[in-house]
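Each of the next two complexes has subunit A plus one other chain: subunit B in the first, subunit C in the second.
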Partner chain A sequence: MSRRLLGLTLVLPALAVIAFLFILPLIMSAVGAFQVDGAFGWGNFEKTFDLYTKDIVFTVVIVSISTVLIGIASIAIGGYLTLGEHPVAVAILRWLYRWPMFIPFIVVGQILRTFLSKNGMMNNVAINLGLLTPIDAVSFLDWRGIVIAFVWKQTPFVALLVAGAMASINRETIDAARNLGASRLRVLIEIVVPQVGTTLTVGLILSFVTMMSVLSVPLMINAQTPTMLTADIAFRVNSYGDYGVANALGLISLLLASSVAWIYLRASLKERS
Partner chain B sequence: MERDGFLELRGVASRYGSTQVLSDIDLSIAKGEFIALLGSSGCGKTTLLRLLAGFISPSSGEVKVRHRDVTHLPPDKRGMALVFQSYALWPHMTVAQNIGYGLKLKGVARAEIASRVSAMQAMLGLEGLEARKPQALSGGQRQRVALGRALAIDPEILLLDEPLSNLDARIRLSVRHELRALQKRLGITAIHVTHDREEAMVMADRIVILNAGRIAQHGSPEEVYNRPASAFVAAFMGAENVLSLNGHPDRHAFMLQAGPANEATTVQLAGRHLLPGAVEARFRPEAAHLFAKEEFLPRRPGVAFRGEVLAVAYPGGHWRHVVRLGDREIMADAPQAFSPGMQVAVHVPAESLFLFNSPAS
Partner chain C sequence: MKASRNPLAALWWVPRGLVFGLMAFFIFGPLFNLLLWTVAEKWYFPHSLPLEYGFSSWAKVFAPRGGAVESLTNSIVVALLTVVVSLLLAIPAGYALARLKLPLRGLILLAFLIPQAFPNLTVYVNVARIFYEIGLNGTIPGVVMVHVSHGLVYAVWIATAAFSAIDAELEQAARNIGAGAMRTFLDVTLPLAAPGLMASAIFVFLESLDEFTGSYFVGAPDVNMLPLLLYTAGAGGNYQIASITALLLLVPSLVFMLIVERFLKADVLSRVGH
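Let's turn to the complex of A and B:
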């Protein structure tokens, strides 16, 4: 056997795993989205848009709001870690901020369910502090709960990337701005963030895609309509065995996720040229 | 020049953790003066500059500008602008945005910023580059943008942190003169940190030599070059040849005893204070004169040493010899080559022989 063939043989198992467990199912479900009673057709998509247009919009809005909030929060955390002058506060924040990263989404859902409900800990504390009367207490277990869960869970990941990038920029560029009289907020917005723009974008896109695929949080927190696409897909498959519509929904969320990646790719190409 | 402090440092000290980085820094700088802070790496010169700029607070002492205490003022309230060693240009801003940022922070109107930026570009030879980003500039251009950014806010004091050390050797020579000329034209007070002796000599009105966080000597370039106050300064200013001699002062002269390589002789003290005992004698390779042993006739006051040439090389302009004098090896320059193995006389003129009491005595 020639060396070349031997090499191919060695890669074959890995290739086979990717082909049969990843690429093939993807193609199958993409094809499945266009199959109605064994023939090609748009039926699944018509049904999807009839039933789930609201949910598609809901998903995009929820994930977009979360992405923006995650961006703001991670800039704030990274900025304080980079520019903060109180060493103890910086050390505490550095130790604290990563923890949510190690907690699974389902547990985040569980925690926030008890925390945000009408009789949950958040309202109890507010009532005990006299900030709220029991009658005014409302449950946050709706779209707000999903946003809170996403932001809480995903901010540490983006903050980790952003803080790392901020730590590696030339400190003298920060000193130069302070020397000319820039306040710390201006240094953050005008000097630091533009220099970590690429890292921030990558982190936010990865978060966007992750949030698009989370099933447990909408199921745990938002058991009502409109809900997120992942919950709809699970419902279609588990309750109706309707793989056609589920595939169509999956394809739509794939398109949403890749459109974000495409925006990023275009921006980074423009930057390079 | 008004000597009484335009910029004054009184007993300034700084520590980093348990390490004393600077101590007892007293310095008075006149308006329009160009000061070079010279020292090897780790001597505290950059710390002193950052302390002046307001990025660190001294652990004791005070900094005054025009008799106003600025010791604890933030960096932008001191009328000082710093040019960084790495230039620290903002990579996401164009040349014009970099230069104009300080004015933007001060709330200057946009049209005014544009005109000041283009005036700055014209002054520094950066015309036509306003839309470029720093990555698209040469090293010399970046250096000028960094300078323009600092000068745009019209500071009273310009702080320069080794701004020439990232430039090619050839560009550096011309930039030295440009920078000095610009400083004179603007009448701005400049404090320039460097580890390059020649750069300090060429550019500065006054050189402040730092050693281990203390001022070892300050004075005009000629003073520190020709009358070093300590063995450290002499060595730092190029007098690397060192010999141990013995002697004692006698009125205005110092009587040197005969040693393994020299006969007894006297040199004028010329105001120096030396104690009897061992002395460290230092001189520069270019100050020594080499003679074939049989030709030697002392024509000028000084000390002659007997020795043997060990090696010779041609670094350009003159021949450099390694000569063994007794148990020491020294360097000496001569216009013609002496071959290795030759017995020679090394004559060091009295004014070029720096004598210091050895630390042991």
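Let's turn to the complex of A and C:
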């Protein structure tokens, strides 16, 4: 047997799992989105836009806000880890920021549900510190809760990638700019961030797709309307057995996710040509 | 270190302390809140802290009919089976990707990322439909297969990196003194790759333990898993039981985060995805 054939034989079983358990159902869902009672048509999409236009907009807005906040937070963390001048402060931040990374989304949903509620710990601490009166306490378990949960969980992952990329930048340009009197903020924005652009975008796109797929956080933090598309898909399937609309919603979230990736690809191609 | 000689430099600890303090509050506050809920006997508005502490919820969760023992067993059985199946698939695949000439190698590596790179909810919905037809829905093998498809990217990518970090001359030396290809693989290559493979096993185990969406559509209600128990307890307003379940899911994640660097050395880490 040639080495090529041997190699393919060794890889094939693993590839088959992906093909049958992911790509095949993905195609089924795309085809199913256009099937109404056995015939092809746009019926599912008409129904979807009738019922869920608000939720589509809500999902895009929530995920976009979260992505922007994650980007800002991870640049700030990565920037301080790279440019921070006090070794103790840098060590504290390095130890601190990673904790939420491996905490599962379902646990994030549960702990933030108790933390952010009207009489949750966040409001209680603010009241005890005299920053807030009990009457002014509001629950954050709406769109803000979802954004907080996403930023809480995804920032460490993107920050880890960004900090890694920043650490491998040539220090000489940074030191030169500092010696010429540039402030650290200016060095970060004008020298460091442009050089880690690719890593940052890859991390943010992966986060975007992850947030589009998470079911547990919207179910646990904000299940009333408007809500995220994932909660709608689960509801369509569990309550109505309506696979047509569920598949249409799935295809829409797929298109949203791929359009983000597409914008990135086009921008990076333009940059190179 | 000009700054540290300046007496005013100590003042920098005021903004630093404020920012780090706020960060610590938002990171550890929710975790501490979770711990409080696991031992709260009585806790209602407007009290900031539980009125009574105790372990009666723990007793309830671990009682024979509390459901946690069954869910915990199911979760661990599924996670272990997922690790075994993933490694059985990933070890040959990783070896081939690292050592043998493969056409379209980059595309093959990317293919394993597909389940992480597309919104996967409707995929699981359709997997559940296929499994329903062939009698796999609501069975442990069905859930394991879904988890394998999701965790395979860690298994294959890290295994590939682990194998390519091994010096090929060591294998050549074994071949030169007369060892067969299989013998060389089992006695030289596999033991050298073991730490990296262990790391990939850890990632797959965690990914399976924490997986909610696939278990929700393919497993429930016949196969109860910890994330499902957490979800139903939370939806029913029983925050004590939900918090204890969350803690059971949280501890392995944090422990593995602390030890994974021991298995995932820089020489392997820098090759992941290449």
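FYI, the second predicted complex is superposed on the first by the 259 of 273 C-alpha atoms of A that agree within 3 Å, B and C clash if a C-alpha of one lies under 4 Å from a C-alpha of the other, contacts with A are read in each partner's own complex, and residues count from 1 in each chain.
Convention: a contact is a pair of C-beta atoms (placed from the backbone, for glycine too) under 8 Å apart; a residue touches a chain by one contact, two chains touch by 3 or more.
Computed from a predicted model, the values in this text were never measured in an experiment.
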Subject >> subunit A as common anchor, with subunit B and subunit C clashing or fitting >> reply: fit
**OP:** With the two complexes superposed on chain A, say which partner A:Trp143 touches: subunit B (first), subunit C (second), both, or neither.
**Re:** neither
Original post:
Does subunit B (first) or subunit C (second) touch A:Phe157, or do both, or does neither?
Top reply: neither
**OP:** Go through the superposed model and pick first if A:Pro194 touches only subunit B, second if only subunit C, both, or neither.
**Re:** first
Original post:
What is the contact status of A:Phe45 with respect to subunit B (first) and subunit C (second): first, second, both, or neither?
Top reply: neither
**OP:** Please determine whether it is subunit B or subunit C that touches the greater number of subunit A residues.
**Re:** C
Original post:
Once the shared chain is lined up, is A:Pro25 touching subunit B (first), subunit C (second), both, or neither of them?
Top reply: second
Subject >> Once both complexes are placed on the shared chain, angle at subunit A toward subunit B and subunit C, C-alpha, multiple of 10 degrees >> reply: 90
**OP:** Pick one for A:Phe58: touches subunit B only (first), subunit C only (second), both, or neither.
**Re:** neither
Subject >> subunit B versus subunit C as contact partner of A:Val17, first or second or both or neither >> reply: second
Original post:
After the two structures are laid over each other on chain A, how near do the C-alpha atoms of subunit B and subunit C get, in Å?
Top reply: 5
**OP:** Overlap the subunit B and subunit C contact sets on subunit A and report the shared residues.
**Re:** none
Subject >> Of subunit A, residues touching subunit B in the complex >> reply: 170, 172-173, 175-182, 186, 190-191, 194-195, 197
Subject >> Touch list for subunit A against partner subunit C, complex >> reply: 3-4, 6-8, 10-11, 13-15, 17-18, 21-26, 28-29, 32, 85-86, 89, 92-93, 96-107, 109-115, 119-122, 124-125, 127-128, 134, 152, 206, 209-210, 212-216, 219-220, 230, 233-234, 237, 243, 246-247, 249-251, 253-254, 257
Original post:
Along subunit B, where are the residues that touch subunit A in the complex?
Top reply: 53-55, 74-76, 80-82, 84-86, 88-92, 101-102, 105-106, 149, 153
**OP:** Within their complex, state which residues of subunit C touch subunit A.
**Re:** 1, 3-4, 9, 12, 16, 20, 23-34, 37, 45-46, 48, 89-90, 92-93, 95-97, 100-103, 108, 111-112, 114-127, 129-130, 145-146, 148-149, 152, 156, 206, 209-210, 212-213, 216-217, 227, 230-231, 234-235, 239, 242-243, 246, 249-250, 253-254, 256-257
